[in-house]
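Each of the next two complexes has chain A plus one more chain, namely chain B in the first and chain C in the second.
After this line comes the complex of A and B, so read on.
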């Protein structure tokens, strides 16, 4: 049975042990900084810092394996499109027959690719070192509504389970003679009979789960005391503030003319 | 005076947009510590009885409830379901949909309910350990709930309720999706709970199982209680049997021409057939 969308794997690194909010703030700040920093050098530095954290967390190999799959096609596309047709293109960098890639476009593509790489690496770094349930719980402990916290936690488990239910229904329909192989129109038609049973079973399951949650006291108006205690420290609190303040600081500098 | 665990007085309930009553003038009283089996054909009102006792009908489903449902001395209509769940547990057929869907370990899943009730962390740990021991899931504490078998999953759902230490446990065909081993494991847990004094109302379609464990059976048909008493009496009433069926031993003895009263349990059936041969 599908367990969930979580990519977390157990670990004992400082990053694994860090407070979930510290990692959350780190991720959001890194993404914001990637898009706020002005030049390739700065963004490359940020990416290097994130990769260094991946080394510390012991997840570099796993992270690179997924990040390359995500980033490679995007980077190639950016380099080709920007290198060919960016309006700022003036200086030819590479010419292959009548086709020329320009320095200006390639530089813009490289900056964009680095920014996207920071986004992807920061997100996977968080996913590999933080259980979604811990992050949601830490947010609830800091005042997020338990209902919203529940939605975050449950969505990560329910999505793959719904996909699995869809496969089960389609297998049953195939066993009764439904044609699901062949050309695109036939495969598209095969999805139509899937929809009704999938939607109906999802609705029934949702209703049952809603009842089961009420039966377990979810929604009771009492002060909820979480059993999970996340280790925090002055250093982590200072780091969170520093990371959070770095974003408006960089934005301010950019507005003041930092290029 | 001891307060009854569950009292229904002339209760009728109709689901929203339904044309007939799912419950029609039901009178029932369950004393603390009793283990009552509820039987009946499809649409007899068995599940609705559990929903009304829990307060989900009408709190969750809407519809119209007439008469009074009193659970552990409190009127069902006046107590919200999440609050009631501190005293009353309801186990459904499908173990999968009873998971919170928000916990990644068995022990955390069991602690979900007490946490919702604001129980102090140290006590939650204690309750979780106790519930795991009761249902035999101690070895699975660190596993992901969805890695468990169907039987283990239903025991997990039961443990999630037990961690709230309910005084009344309502079970709506809890073993209908389980194999014989899973069913036996659930019934062993229920027997242990009953021995500890928990009141149990069990809807079950496997009459042979029910007769082995329940000293009292309530037979329902068409939203009404058609019989209420010891299994041997209920399943020896031919009018009742015509509506709700009978255990296989009873039918076998009847078909073999054994004199009434016909047996409802395996041991009684063996004894009756031995007597007939002697």
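After this line comes the complex of A and C, so read on.
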């Protein structure tokens, strides 16, 4: 975990070079569209477009590797449960002995699974092409409180440190005879001895960090000037507006009776 | 309506610094639970602890940022559920402002409040995303059985979510309260401004 948390993959593609906000708006509007579009065909088209963008960014294979881990169990659960018990079920699709999966439920599950796939791929597209620090910085430049910007960046640094500390504590407690394997009651008993030292040590460090920040003027209400400059363009600005407006447009069409 | 005042307190530097630590506690709690292969998430201990110590905004921001970071790195489905984390943070923050952690009944009340908030807020999200399923095999088995038995989907969805949250939030709130009790008084008193002023 020393590499840190980010999925960011170095690259020179147009997606990598785009303004962080453009990619953020792209992800959010793609997710909203996935749930606003009416049918399997449209949602599958959106998913194909997102995957095409992953090809352009040169991250398709790595993106699929992490996306499948998230999507596979959820898709199987959806198909099985909806295929078995969805109230709309009428037509038997597959029958295995006394158990039957129905067409209606499977279709509903497939639409849900495709929508979730859009959500997952759109989010990972942003993660793979944008440094989290750049995204936070771009948001601060557009008016997000610098204190919140600090919180996000600081959390991204503290989490890997905490996980390293967790491994150290686990080794130390095991050396003292703590059992971390075996039946459920035994594993459950190991939870507190592993968690409490971690929590207490990280809490106690906060006061020191607060004082260190305070003497550097963290709490002062002054205008901050950023060192990072992100290149923006008229085309990107128009694209952001177009993407953002596509969502109310589709919702409007749906309300007008598009199905 | 004195609990509304819990939202009026401005965050100082110490409270701001506490937020990333609570995010890391959420993360650590979940990682240890998965390392031990426990059948619970235990991913909001930091949110509850942050709320108890420093009020609803610290709790809510800890929850929100945990879910956003988690969705950007391992599980994008966490993003819509950040709403649930924010509400858990608010609930714990109000409880902390009213000093529920000082009384035994307050422990039970905090557990019930967090459980209700989590299960009620998750259900509409489960309906929108997963047709009412929870995405957890145990919860989905309960959901499937209840739908099969003829219950309306929304009620089956709530029950499926509730059987997952009932033990998860019990351990989450229990551990957060244990940690709170274990903190040195010197440390807890740093956050005294986030408590309701006691009548003298």
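Quick note on the criterion: the second predicted complex is superposed on the first by the 254 of 259 C-alpha atoms of A that agree within 3 Å, B and C clash if a C-alpha of one lies under 4 Å from a C-alpha of the other, contacts with A are read in each partner's own complex, and residues count from 1 in each chain.
The definition used in the following text is that a residue touches a chain if its C-beta (ideal position, glycine included) is under 8 Å from a C-beta of that chain, and two chains touch if they have at least 3 such contacts.
Not measured: the values here are computed from a predicted model.
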### Combined model on chain A where chain B meets chain C, clash or fit
fit
### Query
For A:192, is the partner it touches chain B (first), chain C (second), both, or none of the two (neither)?
second
### Message
Just to be sure I read the superposition right, which of the two partners does A:60 touch: chain B = first, chain C = second, or both, or neither?
### Response
neither
### Task
Mind working out whether A:123 is in touch with chain B, chain C, both or neither, as first, second, both or neither?
second
### Query
Which of the two partners, first being chain B and second being chain C, lies in contact with A:163: first, second, both, or neither?
second
### Query
If you stack the two complexes on chain A, which partner ends up touching A:203: first (chain B), second (chain C), both, or neither?
second
## Note on the structure
Chosen between chain B and chain C, the partner touching more chain A residues is C
### Task
Name the contact category of A:223: first (chain B only), second (chain C only), both, or neither.
first
### Task
Could you tell me if A:70 is touching chain B, chain C, both of them or neither one (first, second, both, neither)?
second
### Query
Touch check for A:150: first (chain B), second (chain C), both, or neither?
both
### Message
Tell me the contact category for A:79 with respect to chain B and chain C: first, second, both or neither.
### Response
neither
### Message
Considering the aligned complexes, could you tell me the closest Cα pair distance between chain B and chain C in angstrom?
### Response
7
### Task
Across the two complexes, find the residues of chain A that touch chain B and also touch chain C.
6, 150, 154, 157-158, 161, 205, 209-210, 213-214, 218-219
### Task
Would you tell me which residues of chain C are touching chain A in their complex?
11-14, 16-21, 23-25, 27-29, 31-33, 35-39, 42, 45, 49, 61, 65-66, 68-69, 71-77, 79-80, 128-131, 133, 135, 137, 140, 143-144, 147-148, 153, 171, 175, 178-179, 182-183, 187, 190
### Residues of chain A defined as touching chain B within the complex
1-4, 6, 131, 133, 136, 150, 153-154, 157-158, 161, 205, 208-220, 222-227
### Task
Over in the complex, which chain B residues touch chain A? Could you list them?
54, 56, 60, 80-83, 85-86, 89-90, 92, 94, 96-104, 108, 111-121, 124-125, 144, 146-147, 157, 160-161, 164
### Task
Within their complex, state which residues of chain A touch chain C.
5-7, 31, 35, 66, 70, 73-74, 77-78, 81-82, 84-87, 108-109, 112, 115-116, 119-120, 122-124, 126-127, 132, 147-148, 150-152, 154-159, 161-163, 165-166, 170, 180, 184, 187-188, 190-192, 194-196, 198-200, 202-207, 209-210, 213-214, 218-219
